[in-house]
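Please see the structure below; I have some questions.
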Amino acid sequence: MLEITLQIFRYKTGESPHYDTFTVQVAESASVLDALDVVWAKHDHSLTYRRACHHSACGVCALRINGLEKLPCVTPVSSVWDGHTPLRLNPLRNFPVVSDLIVDVTGLFQRLSASDLEITRDAEPTLPLSVDNLADLGTRMEPEPVEPPENLTRFNRFESCIECGICMSACPTVAADDKFLGPAGLAAIYDERHKTGDPREVAHLLALADGEHGVWRCHSAYECTEACPQAVDPAGKIMALRRELIANRLKKGRRK
Amino acid sequence: MSIPHIIVIGAGSTGSATAHDLALRGLRVTLIERGDIASGTTGRTHCLLHSGGRYCVNDPEAAAECIVENRIIRNIIPDLLELNDGLFVALTEADLAFKERFLEGCATCHIPARELPITHALEIEPFLNRGALAAVQVPDAVFEPVRFCLAFLATAQQHGAVVRRFTEVTDFLYAGGCVSGVKVKDHRTGKTENIGADLIINAAGPWVGSVAAMAGISVPVKPTAGVMVTLDGRLNNMVLNRLSPPSDGDIVVPQRATSIIGTTSWEVEDPDVIPAPADHVAKMLAQGEQLLPAVQKIPVRARVAAARPLIVKGDKEAREASRTFECFDHQDDGVEGFVTIAGGKMTTARAMAERVSDLVCKKLGVAVACRTRNVPLVSYRLFYQGGSYA
Amino acid sequence: MASLNYPRVRRAGRWFDLRRRRMGMWAYALNRITGIGLVVYLYLHLVILSQLPGGPGSWNAFVALARSPFFLTLDVVLIAGILIHGLNGLRIALTGFGIGVKAHKILFGIVMFIAVIALGVAAVLIYGG
Amino acid sequence: MDNPFTKEPRATTTWLWQVVTGVLLLFLLGLHVIANHFIVKGGLRTFADVLAYLRNPVFLVLEALFLIVVASHAMLGIRAILLDLGISDRMERWLSRALTIVGVLTVGYGLWLTWAIIH
């Protein structure tokens, strides 16, 4: 067992924000979310924080651990606990704080709705995995595309993005510009743009990206890509959208 | 008569589907949840939309419910599922001997099942144990629990339902021997208030017992924990099951870029905090390795434990307890205006909602039929834009 | 329910909140600081040049001042700002065209290396001249 | 609910202009520094040097071009910084107009200054 100290941001309507400190015992392999669960169950039932899947599928538990945006459900205590300095837990930045560690994520979902990105994507030909030293297990190192069983037209997958809001919290532009589409919103535009074949929808999506609060508001700090727990690479997608917009703009210029 | 107001306690899959069902019937609904959406057992399910195959031999009643609901869920939230089917794989002679019973069970429960040539199965699943002897394909699917609930809730909100998160029921209110509302504490503000209702539905999953206890009632639900181990890599395209009667660690559900191995079964007293026991985790990995030998080569991303709300009758072992659900009208316990819905699987959440909503409507004399079988749900993203923080 | 929403100006201050932030954020902050600095310099420059129509007298006084070691050091700072802003600007332009996005950190290293070398050369010329 | 993130004005052109002026600046600034400090040995030290420099039509054109480009780049840069304050759409239009005027005034003042020096 590990004994750890957590310093948790507290805020309730009408009260001034402050930190509360708790010392809890958790298993060696526990995650930071496990520790929060213990604080809630054994020490303070009025602590509000978001949680559901506990294995990085839902994205609701995102917060800041010692200042950095993380998913506490897949952050082992042992990876952030130095043995004595209290772990400081704060809500995500750039969202209104509702209570304690909960933020109002409405803005994130408005941005994601702008592109209407569907959460599943079709036509996954292979497993996204490269595992070292699998040869001795008699399995193929790099699986090739395979045919799904007859009645399935193709395999599909959920999108990598779990809509956790970490990129929005890490982004310096979202900090002050409330209308910036933000890393998640722009990455969703990119993904949807590459899913659809309808030229009118493509034009609409590119116009969104080209908006006054679209890809050009990004300041290339790459914080979103650094912080993303799901390797979505929003910054890379923003740059890819820029490239396409510039190419289209130059083509249009030549035609004139 | 004014439109009846129903309070649903618990925003897991059952409570969410129930709020949707009642709102669609035109009733006024308030859903009260002490934490966030799906923060209890629902969030920590295996993410498996059952075909029913897993239960078709030992628990045909639950299996039949699963396949019916499986088809309905595919229709009402097609965009929230990974539709890659499932494989039941025989690894031993004993498994192979079970195959005929399995196929018969599937046929009895009307679960489409088809044996795949083992070479084809190995091609589809390159990480599957090369010694696999047989593989049967069934229509399993994979969901994401929070968005599953949000889709029901967003649709319920569109029909006027109110969702109160981080709001805990602390006591019941009574009027003339009948439950007339609840006393709640909103943990976001620290304020308490009373909310009146014509009827209250207890949909608190493994916590139905503690909720019912506030009204001095006991319900025969035993919180039965299970462990899941999530790997930091996806080893299978389809859901992989061991072709044998359900036991520990015999199923690997792939989701997004992970594979989730499950599960074990033991009874717990307090479902609030269940640390995942290290020996159970080790067992999951060892069992998972039989299906997918590469399991031990992949780092573990998360270890999760949660309690199922199993309805226990007689002295059956938890693993044998039926996965079907039941509705309790506490009129029978001398408390009017209070019902409990418990048991079941997330796959059957809509059917559970239909059952309890039918009972509620009958009790209140509301003659509106259930429509949730055919009404597609709106985008889960609308939940956050429905002013639920207001 | 009242939520805690920090005022915009305070949130805008996060441009320069570099605690635990990574290289891209440093590059961005550097670019912004040098950009603001160069705009300030542009107007200072115009104000100083406004002495020119006054004739040779005031100009010669200014040139004498500008050749003091303190002002020469300011010149070095100015050139550092120009180099950082200009070369990092090139990097941002390149990534905007989709070039070197994956290698943006290496690119930053390269342009900063060039900036330091060029600054060294400039310093030698300034103090030596 | 009205989604504020679905409006569609265009901004590629603005950004491209910032890049174009930026790249031009690298050249013009280089020329400016070389012309001012290295063409005449030891730099433009005397008032006569300055006059001679500005009366050369090639340098005069280069300096004027430099002024225009640097003012455009600066105004676009200031606009980007101020947009980060999250101003309203109306404020934004007002800001763009104001910065255009400031830019024109800066260039105008610079040109007048040059004219005043030469004469």
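By written order: A, B, C and D. Residues from 1 in each chain.
Going forward, a residue touches a chain if its C-beta (ideal position, glycine included) is under 8 Å from a C-beta of that chain, and two chains touch if they have at least 3 such contacts.
Computed from a predicted structure; not experimentally measured.
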item: Selected interface, A-C versus C-D, where C-beta contact pairs are more numerous; value: A-C
item: Innermost chain, where centres are averages of C-alpha coordinates; value: A
item: Chain C and chain D: spacing of chain centres that average the CA atoms, whole Å; value: 15
item: Intercentroid distance (Cα basis), chain C paired with chain A, Å; value: 33
item: Intercentroid distance (Cα basis), chain B paired with chain A, Å; value: 25
item: Interchain centroid distance [CA atoms averaged], chain B/chain D, Å; value: 63
item: Residues of chain B touching at least two other chains; value: 188-189, 385, 389
item: Contacts with 2+ other chains: residues of chain C; value: 1, 3, 8, 11-12, 15, 32, 96
item: Chain D, residues touching no fewer than two other chains; value: 15, 84-86
item: Chain D - residues contacting chain C, complex; value: 15, 19, 22-23, 25-26, 29, 37, 42-43, 45-48, 50, 70-71, 74, 77-78, 81, 84-86, 106, 109-110, 113, 116-117
item: Complex contacts: residues of chain C adjacent to chain A; value: 1-5, 8, 11-12, 14-15, 19-25, 27-28, 31-32, 92, 95-98, 101-102, 104
item: Chain C - residues contacting chain D, complex; value: 8-9, 11-12, 15, 32, 35-36, 38-39, 42-43, 46, 49-50, 52-53, 55-56, 59-60, 63, 82, 86, 89-90, 93, 96, 129
item: Of all residues in chain D, those that touch chain A in their complex; value: 3-16, 80, 83-86, 92
item: Residue ranges of chain A touching chain B (in the complex, touch as defined); value: 12-14, 26-27, 29-31, 34, 37-38, 41-42, 45-48, 50-60, 73-74, 98-99, 102, 104-106, 108-110, 112-113, 116, 118-120, 124, 127-129, 131-134, 137-140, 143, 146-149, 151-152, 155-160, 162, 230
